[in-house]
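Should a chain be cited, it is by its letter among A, B, C and D, assigned in written order, with residues numbered from 1 in that chain.
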Amino acid sequence: MSAQFLSDNAAAVHPKVWEALRAADEAQPPYDNDALSQRLDAEFSALFGREASVLWVATGTAANCLALATLCPPHGGVVCHREAHIEVDEAGAPGFYLHGAKLMLAEGQGAKLTPDAVRAVIDPIRDDVHQVQPHAFSITQATEYGLAYRLEELAALGALAKERGLGFHVDGARFANAVAFVGCSPAEAAGPCDALSFGCIKNGAMSAEAIVFFDPERAALARYRRKRAGHLQSKGRFLAAQILAMLEGDLWLDNARAANAAAAEIAGACGERLMYPVEANELFVRLSAAERETLRTRGFGFYDWGADAARFVTAWNTPPEDASALADAISGL
Amino acid sequence: MSAQFLSDNAAAVHPKVWEALRAADEAQPPYDNDALSQRLDAEFSALFGREASVLWVATGTAANCLALATLCPPHGGVVCHREAHIEVDEAGAPGFYLHGAKLMLAEGQGAKLTPDAVRAVIDPIRDDVHQVQPHAFSITQATEYGLAYRLEELAALGALAKERGLGFHVDGARFANAVAFVGCSPAEAAGPCDALSFGCIKNGAMSAEAIVFFDPERAALARYRRKRAGHLQSKGRFLAAQILAMLEGDLWLDNARAANAAAAEIAGACGERLMYPVEANELFVRLSAAERETLRTRGFGFYDWGADAARFVTAWNTPPEDASALADAISGL
Amino acid sequence: MSAQFLSDNAAAVHPKVWEALRAADEAQPPYDNDALSQRLDAEFSALFGREASVLWVATGTAANCLALATLCPPHGGVVCHREAHIEVDEAGAPGFYLHGAKLMLAEGQGAKLTPDAVRAVIDPIRDDVHQVQPHAFSITQATEYGLAYRLEELAALGALAKERGLGFHVDGARFANAVAFVGCSPAEAAGPCDALSFGCIKNGAMSAEAIVFFDPERAALARYRRKRAGHLQSKGRFLAAQILAMLEGDLWLDNARAANAAAAEIAGACGERLMYPVEANELFVRLSAAERETLRTRGFGFYDWGADAARFVTAWNTPPEDASALADAISGL
Amino acid sequence: MSAQFLSDNAAAVHPKVWEALRAADEAQPPYDNDALSQRLDAEFSALFGREASVLWVATGTAANCLALATLCPPHGGVVCHREAHIEVDEAGAPGFYLHGAKLMLAEGQGAKLTPDAVRAVIDPIRDDVHQVQPHAFSITQATEYGLAYRLEELAALGALAKERGLGFHVDGARFANAVAFVGCSPAEAAGPCDALSFGCIKNGAMSAEAIVFFDPERAALARYRRKRAGHLQSKGRFLAAQILAMLEGDLWLDNARAANAAAAEIAGACGERLMYPVEANELFVRLSAAERETLRTRGFGFYDWGADAARFVTAWNTPPEDASALADAISGL
C-alpha cells in the first residue's frame, strides 16, 4: 500500500471546486469585476456576521503579507511566534511586502501566542525612535503545531490589541480545521481580528485564498497593493469560483472535519507519543528512526520532525482506511 | 447578436488546457517539485534551442517584474517605452519588485522601442552617482499597439544591449501572436534577450505565465524572489500543466494564429481607419462616437481609445463569424 | 584673477555659523534632545506664523525624501517637474525613501510647475488599481532655473492640492533666495504647503537643512524615518546650531540677498543672452564655446549648460568685485 | 561636582578636529571630489596595509547599513548578535537599506559572536527557497558590552566566513578602543573582514564615520547607495577633514587610549561588581538602586542598566579627576 501524510498543501482538488471552475469558464469582465468576485464581500459578511471586504489571492504567503501590509508601516514591527509560518517559511516575504518592517519573535508552547508572550516582546521596547515600535501581531489558527486557539484565548488577544493599539492578524491557512475543532461559529472565531487569511488551498481548493478585512479602508489599500504585487489575475473569476465553492453548503467545514477526523483517529493510536494535542489535521509523533523506517517500509509517507519524531498531516481526502492503517501501524510498533 | 472584442485577457480556457489541468489533479510533490514543473526547463530549452531555465507564475506582471529584478539593482534604471505595460498598467509593480529602481521612458511609434530611442534616454545620463544609471531595457512583443518586432529590429536591440552592457527583457504577453505574425522560429524571436515573459493567459491558459531565463543564475535568483513575492504556489503542478499544454503540439502558435487571423479579417475592412498596422490580435481603429455607438447597438463589445477611436482585441476563440460580422459592420459604416 | 561661479553648494561656511558651531561644543544630551534642537519648533513656528515641527538633516536629498515619505505611500505617486532635482539629481532617492513610489513628470517653462501642468499629468490617470495614483506634488522654490514662484502661483497650487487631496511639498534648497526676491514674508511664501525643505547649506551653513512640517503627525512619522535612514546624528546640536544661526537676525535672508544681488549685477550685463529671468542666484546665459573659452581664460569658473550656454551661480560670499568683473567680461564679449 | 558618564556619543569635538574643520573652509569641488576626500583611500590603505576604498558618512547607522547592503541582497539574511546595535538601536535601518533583508539573531556572552554561535543560527536553515539564506554576518568591535575581539577570535570568524561564503562586516563604532586594548596593529584588527565601519564620532569627531571597503567593487556600489540615501554631502570636505584629523599622528588611538584608561581606573574600583571585563570604554556595574542614587547625588551622570546595574561610558575627554572621583565613590559605597 501507499498512504501519504506528507502534507495537505498539494492534495487533489475537491470535485465541487472542479465543477465551479468549469462553470466559470465563459468570459466575464476581467480582474475582480466578474460576477463571482463581486459576490465575495456579501458571502463573507454573512459568514462572519459583520461587514467584510474580501480579496482573493493565489497563495497564503501573499494573503498574509498583503494583510499585514495594511496593519504595519515600513518602519514598524509585527509580533509573531518564533515558529510562525511568516517567520520561518515565507522566504522573508513580510520584509518584502512591508518594506523592511520587522518581525518580532515571541515564545510559546506549540507555536501559540499568548498576551503574556506578546507583552514580553513589546514591553521592553523603549518608546523612542531608536527602536522599532510594534504595530501589530499575527497568530496562526490552527498553529504550526496543529493547536487551535479557543475563544477565550482569542478574546484575550483581542483585548490586548485594543489596549495597545495593535493590529490583529490571523494566518488562517488551516482556519477551517480550527473552527471545526473548536465548534464555534465562524463569527466567533474571527471575532476580534482585523484581517484574516482564510485558507482554502490546503482544504480542497486549487489556487485561491481569501483575505478577509473587517475594515473596508484596509481592503481598499490592499487592492492597490495586490495589483502592485502582481497578484491581480485577469481571469480572477476562477479564484472567486474556488472560494465560493468552498463556502457553498459549508464545504470548507466538511472538508476540515474530514481531515480532522482522520487525524483524530491516528491520534487515538499515538498515546504518549504525541508531542502536542491533536486539534486540527497535523500530528507530531515521537518515533525512533527505526520506527519511522518501519512505517515507511509499510508504505506510509511523512516528514521527519527532528531526530526523534515525525509529522503526519491529513487532508480533506485522506482515505479513512489509510488513517486506520496508519493508526494500526503505530499501535503495533 | 453579441460579439466581444474587449480583450483577450479574460477569454475562456482552451479545452486542452482543461484536460491538462484535470490530468494533474493527483497529489504530487508541492511547489515546483512535481514532475510537470520539472519538465519545463527541457521543453523550453528545446523550443528555444539553447539552455533555458523556466519559472511559472500566475500573472504577467509578476513575470515581468521577477525577470527585471534579476537585470537591474535597486539603485538602477530600466528603459522602456512611455506606453509600456510595465509603466502604465502594473500599478508601480516594477518599483516594488525592484525596490525603487526607476523606469526610464523612451519615445517611439506604436510603443515600439528602437536603439535610437534607447540611446536618446541613456546618452544624456551623466556617469556619476547623482543620476540613476541604466541597467536594462524592456520591450513588449507584440507591442501595446499590436506591432511585432522584426528579427532585424531585435538584433539591433541585442547589439545595443551587448555594446552598453544592458540587460534585455521581453514582455511577451502576446509573444505568440508576434511569432505567428513574423513567421520566424521561437529561437530567432527570443534570440538576443536575457529573459522573456512568455505569455499564456491571453492565449488560452487560465492562470500561468512562464518566465524564461537564458542564464541559470538569474533563474536561481528569481526562484528566491518568486517565493518571497508569494508567487510559489504549493499546487504548482497546475501551472506547469497549463504551460506544457500550450507547448504541446504548438497549441500556443495555433491559438495565436487563430486570433491573428480574426484580427486580420477585421483589419481588411478598416482601411484608412487603422491607426497602426495590424500585426497581432489588436486593432486600433478610428471611429467617431456615432460610429462606435452604431457598432455597440449591433452588439459589438470593445473599448474606446480616446475620443476618436476604438480598440478591438481578438482571442484564440473569437468565432470567425463574429470577426466577419465586425468586418462587415465596419465596412458598412 | 580667479572667480568661481560653479555652484553655491560647496561655498565656505558663514562666520556666524562657525561661531554657533563652536558655541555648541560642550556635551549635551544626544540626538535632538539638546537645548538647541529643542528650540527649532518654536523658532520656525514664529517665522512661519503657524505651528511648525522641525527636523534637521544633513542634506537636501534627505530633507526632500523624508518629507515626501510622509505625503505619499509606497504604492502612490508624486508629481514633479521633469527637471526637478528629486527626479534628475538625487540618484533615485525618492524611490528608496518612498519604497518604490513613482515620480510623475510634468512639463513647464523654467522647471516651474503650474496647476495646469499638474492636471495634465494626473487627469489622464484612471482611478483604478492598475495605475499609480497621485498623492502629492513637489515644487522647487526657487526652481532649478532660478525662477521664483509668486504668491499667486503658490496659492493656485495650494488650491489644487486642496481640491484634489494632494500633499504639497516645497524643495526649498534655495527658498531663501526666492523669498528675498519675491519680497514676501516667510509665512506667505510657505503658505499653502504641507512640508518644506528649508535649505541652509547653499546659503552659508555647513551640513544642516531643516525639514519644516506644518502637521505634527507628519513630523512624528518623519522622526522614525530619519533615524531609520541613518540621519539622526548623535551630536545633533551641531546641526541645530547651524540652523539657528541662519535664522538669528535673519542671516538666511541677508545671505540670500547678497547672492541675489551679485546675480542681478551679472544679469544686467547679459541682456538677450539670458535664457530665463534671474530671480534668485542662478544665471543661464547663452554663450558660444568661444565666448566661454574667453571667460575661462580670464579666470571665471562655471559649468557649461549644453552646447550653447553656461550656468553661473553666485553665493552668499561672492565678492562684489567678482560679480562686477564677470558682468564686465560678459558685456565686453 | 558634575561628572558625566552617560555616553561618548555626544562628547565635545577634539581641538585637532576643530582645526581641521576650519582649515577646510575654503570652497573646493563638491561632494567627495575635494582634495581631502580624495586622500582617504590612500590613508586607509596605508593604515590597513592593503587596498582600501573609503566613504565618509555622517552616522554609524548609515555606515553599517551601507556596508551591509553590499554584502547581502534584499532576499538574504545577516547574522548578528541579539543585542547588536544594528538589531536593537538602529530603528530597523538594516531592513530599510537592505530592502527587507533579515537580521538573524545569534546568542553569546557580552554580545560577542563566535563561529559556533553563527553556526547555531545558520546550520538549521534549509537550503531551499522557503527560508531566508544567510549571506553575511556582522560583529561589533568592541561589543555592545565593551568586550574586544582578540585576533584569534577574528581569525576564527574569518575562516568561517570563507568556508561558508559569508560576508564579514565589523561595526567599529568603538574600533579604536578595541585596537587600543588588544594592542595589535590596525591591519591585524581588520584582517579578515570585508567592510568596516570605522568610528570617529564617539572618539572626538563631530559628524563623520568612515566606511572602509577592502574590495573596490563594493565601494563603487556603496557610492551609488550613499547618494541614494541622501548621505552624499556637498561640503563633504568637512567630513573628510574630520577623518583625516583622526588618523593624523594616530589621534584616533590616543583618544581611545585616554578613554580606555579612564574606564580602567574606574574598573579597578569595581571588583566583583563588574558584569563584564572592561576592555574598552564602557563599564557595566552592579549597583543597587540606593547605590545609584548615592552616586547621582554626588553629581555622577550615567544610565541605569536594568534594575540592578548601571552603565558608565568614558570618552576621549573624560577628565582623569572625574574618573578618579567615580572610582573613589564606587569604592566607598
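Everything that follows uses one rule, which is that a residue touches a chain if its C-beta (ideal position, glycine included) is under 8 Å from a C-beta of that chain, and two chains touch if they have at least 3 such contacts.
Here the structure is a predicted model, which means the values were calculated and not measured.
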| item | value |
| --- | --- |
| Of A-C and B-C, pair with higher C-beta contact tally | B-C |
| Farthest-lying chain, centroid of Cα atoms versus that of chain B | D |
| Chain B-chain C separation of Cα centroids, rounded to whole Å | 43 |
| Where chain A and chain B are represented by their mean Cα positions, the distance between them in whole Å | 34 |
| Geometric centre distance via CA averages, chain C-chain A, whole Å | 50 |
| Residues of chain A whose C-beta touches two or more other chains | 74-75, 90-92, 96, 99-100, 129-130, 224, 227-228, 232 |
| Chain A - residues contacting chain B, complex | 4, 7, 9-13, 18, 22, 25-30, 34, 57-59, 61-63, 65-66, 90-93, 96-97, 201-202, 206-207, 224, 227-235, 237-239 |
| List of chain A residues in touch with chain C within their complex | 73-75, 99-100, 129-130, 133, 221, 223-228, 232 |
| Complex interface listing, chain A residues touching chain D | 74-75, 77, 88-92, 95-96, 98-102, 129-132 |
